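Both complexes below contain subunit A, partnered by subunit B and then by subunit C.
Showing the complex of A and B:
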């Protein structure tokens, strides 16, 4: 696939060409200076913070809440109208490689045997333009888990900052189409440029201060499942909010509810989390994971074990947001390291 | 604060070995100095991990929720704001004084990690301490000094009560309050807005809320068994995430906290989308103070005004 060299001074004009045929999203500050993934009206608004932005990009594909169908009913009849999302083409710029990979992990959940049409429509309409990291935040540990810095799986286009230019590489057919339409007279990248990309990725990986040996992590977590004391100790400080999961780029749990007044209503889904009190509570009142340590154990087991069993991949990409956002600084990587020190207990 | 930390560890070892308390709730450092977690010590050896640093952010009073008398007395490390939360909970009969042993820490203020990251590369930070008007940051390259005004958390910059008002043991000398008169320029700016501007400001903020309820769950004063925001039957609030519903949630919470919030900044700090929760709660606290001369967490005998009913109240029974 083709790669180009985009002088940094021409980034805005290239993004304007990207914007010509599609809506562009990127990290943009609101009037209070808070960055989030917002529609870009002028590329000058875009702010790329060092490392991952505070908020993951997943909400562009899986909104915090979305209407799935609307209905009206009377005693003798009812009408139901499905409301699939508009398939307006969009591109999202500034996604970090770990978040792009996370979207691919989410695809395995939403687009498996029974594809989710709401997610699918947004995913089909969206093109992910990733920008490689040149800085590691103290919480980053993707290099211990995956090769997102070098391969950027999940991204359609990858920009890697070189000296005064970006190496712009198409990674998928979607990315190739986007570049074919927008590259204009950009020069093609040379072999030397491509070699530099690997150097940048290697330097960023080396700058990560958290290096965790993840060898055999799934077996480790599985073996520790029954070790209640371990989980209790590691969840004692957990306050049971949803920050770790809401900030997690691969967490995809949702709740489906109805909101109806006077015979008219909507069925919607909204983000939910295994950390909330009512997540695993049954109609009888019984809660299979009533204690916070069970909820935290579920989170860790899901990331490193259940996910591997179901989809073949880990669902932790090493972005570090759960640690950064946690009120009590619960450290998922430190939990794994602590697990290695545990004597092996038999399965429950 | 090495001496203070030594003193803390010593006291905690004593309290546990003498059986005065069954557990000590304090802080320990994680893999980086600015990742401090709550620490639960049940043996004298566990106390070796206890630390006191300007990153001991979390209000530990939250962990007293559901504490049963049969669990025995628990020792708790409290800064000025945390001690006020204990007093406020005592006033609301959520706790009895003999359930807790309070290890008071006169507090110079907490360092805001986001503000620190603007000044230095976080990964290089080895230690940080607050000394009066300065914050001293140690990196491999040496020590850098910054004005405390620039690096402290907002609630600490504006703190009126840095010294715990209720303690069993005070660790270290009392400190001078940074803001004895409760000046709050940000609150003044908010109050100077027209109602329409203020509404726009808050609605813009609330539009960002993702309803993770971290504000609720970190709050020492949010102890409802089921928060009104997530109650199913009856459902007070739609679970849809939108500006209107978010506003209902946040304003509902602000009303519940009016005259009860102790301004520890926990919600402000943990909010992943930077809602101005400190400011909102400071405004409510000021309203209650002006209307009822009540400040939360100063007197364990005075329940919050909005939680009381007095038949002798001159406004009671006048058909309002």
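Showing the complex of A and C:
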């Protein structure tokens, strides 16, 4: 697939070409300075922070809340229609490789044998333009988990900063189509440029101070499942706010609810979290994960074990948002490190 | 309200087989079954769906009350073209309370069937032991009636059913019917009887141990409260039944019914996709209770 060299001074004009046929989203600072994914009218609004933006990009494919059905009803009669998801083409610029990979992880849940039509529509309509990292935040640990810095799986186009230009590479057919339409007279990248991409990725990986040996992590978590004391100790300070899961780029659990008045209404879904008290509590009151330590155990086991069993991949990409956002300083990477020090206990 | 058929922005996926879109159905029977328990029968409004909708014993439905929400319920009937779907509902939360407020003729939404169901097709030729507790009987009725309709394919069928007290034994008409049918050996028990109760007293798992059914060429299907299932599985262990001959249907809070919403996981298993029926062998080591 073709790669180009985009001088940094021409980034805005290239993004304007990208924007000509599609809506452009990118990290933009909100009133509180939080970097959120917003529609961009002027590329000058875009803020590319070191590391990941504050919020994960998943909301563009899986909105915090979305209407699924609309209906009208009376005692003996009803009509229900599915609300069509928007299929307006869009591109999202500034996605870090870990977030792009996370979207691929979410695909394994939402697509597959019985695809979720709302997610699928947004996924089909969206093109992910990733920008490789050149700096590592103290919380970053993707290099311990995956090859997102070098391969950027999940991205359609990858930009790698090289001195005064970006190496712009198409990674998928969708990315190729976007570049065919927007590259204009950009020069094609040389072999030397391509070689430098790997150097940048390696330097960023080396800059990550948080390094964890993840060898055998699934077996480690599985073996520690029954060690209640370990999980209690590690969840002792958890207040159950769920921010770890809302900030997680791969967490996709949702609630479905109805909202109706005077015989008209909608069924909508919204983000939910396994950390909330009523998440798995049945109407009878029975809850197999009633305690907060069981909820935290579920989260960690899901990232490193359940997800591997179900989809073949870890559902932690090492973005570090959960530990940056946690009010009680819970640290998923440190938990794995601590697990290695535990004596192995038999299953419950 | 927007019309998807004419909406230009509409994605084709939503028009064909949107798995979240319920089929509309009319309640043809609404009957009080016991304390806080109602039985419903429903017919699909679309004649083609009514003819083609099929399911296995032990599968479940997502039932909608528009304006209130949606919840999963086990199917109590046996599949057949044009036959009504039956399910029973204990009044517990928002959706179940709304269902209890409906009358015959009301419209509900139905999605499904979901889940794996009991492996009745794999178990042809076996003796079948059915073990129910409380409101676990309605989903087992789908198995029992299936076994009656296909009795030549199966060996002896024994039903052990119990509830807290005689009032809480549900599906009393069915119990009378099954008790009189030579195809079934029906054993009833209550935790505590009243002055009219002449039958067995005691918990279902201990009654199972007393009865000591042989494991040879047999399989067991159980539905009931989690605590009962836990002790039923332990009883089978004591009786020496191999764990791959014992099957339990689990309940879990669910939203989507097909593996997307994420809340019904029991360890790495999803109750909606991998269950609700699991063998005792599969449940070993799973955090299901």
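A few notes on this one:
To be clear about the criterion, the second predicted complex is superposed on the first by the 344 of 348 C-alpha atoms of A that agree within 3 Å, B and C clash if a C-alpha of one lies under 4 Å from a C-alpha of the other, contacts with A are read in each partner's own complex, and residues count from 1 in each chain.
Heads up, the rule we're going with is that a residue touches a chain if its C-beta (ideal position, glycine included) is under 8 Å from a C-beta of that chain, and two chains touch if they have at least 3 such contacts.
Quick caveat, the model's predicted, so the values are computed rather than measured.
Considered on the superposed subunit A, subunit B and subunit C are sterically compatible, since they fit side by side. Once chain A of one complex is fitted onto chain A of the other, the partner contacts of A:176 are absent, as it touches neither subunit B nor subunit C. In the superposed pair of complexes, A:301 makes contact with subunit C only, with no contact to subunit B.
Of the two partner chains, subunit C is the only one that A:77 touches; subunit B does not reach it. Once the two complexes are laid over each other on the shared chain, residue contacts for A:271 go to subunit B alone; subunit C is not touched. Touch criterion met: A:209 reaches subunit B, while subunit C stays clear of it.
When the two complexes are overlaid on their common chain A, residue A:257 makes contact with subunit B and with subunit C alike. When subunit B and subunit C are set side by side, the one touching more residues of subunit A is C.
When the two complexes are overlaid on their common chain A, residue A:54 makes contact with subunit B while staying clear of subunit C. An angle of 90 degrees, to the nearest 10, separates subunit B from subunit C at the C-alpha centre of subunit A in the overlay. Of the two partner chains placed by superposition, only subunit B is touched by A:138; subunit C is not. Once the two complexes are laid over each other on the shared chain, residue contacts for A:120 go to subunit C alone; subunit B is not touched.
Least inter-chain distance for subunit B and subunit C in the combined superposition, rounded to the nearest angstrom, is 7, based on C-alpha atoms. Touched by subunit B in one complex and by subunit C in the other are residues 255, 257 of subunit A. Residues 30-32, 34-38, 40, 57-58, 62-63, 122-123, 204-205, 208, 210-214, 216-218, 226, 230, 232, 238-242, 266, 269-270, 272-274, 276 of subunit B are the ones touching subunit A in the complex. Note for the complex: subunit A touches subunit C at residues 68-73, 75-78, 80-88, 109-110, 114-118, 120-121, 124, 225, 252-258, 260, 263-265, 267, 269, 272, 274, 279-284, 286, 288-289, 294, 298, 301-302, 305-306, 309-310, 347-348. On the subunit C side of its complex with subunit A, the touching residues are 1-4, 7, 9-11, 13-15, 18-22, 24, 26, 64, 66-71, 90, 92-93, 96, 103, 105-107, 109, 225-226, 251-253, 255-256, 258-268, 270, 285, 287-289. Considering their complex, residues 30-32, 34, 36, 54-55, 64-65, 136-138, 209-210, 236-237, 239-243, 246-247, 255, 257, 259, 268, 270-271, 273, 276-278, 323, 325, 327-331, 334 of subunit A touch subunit B.
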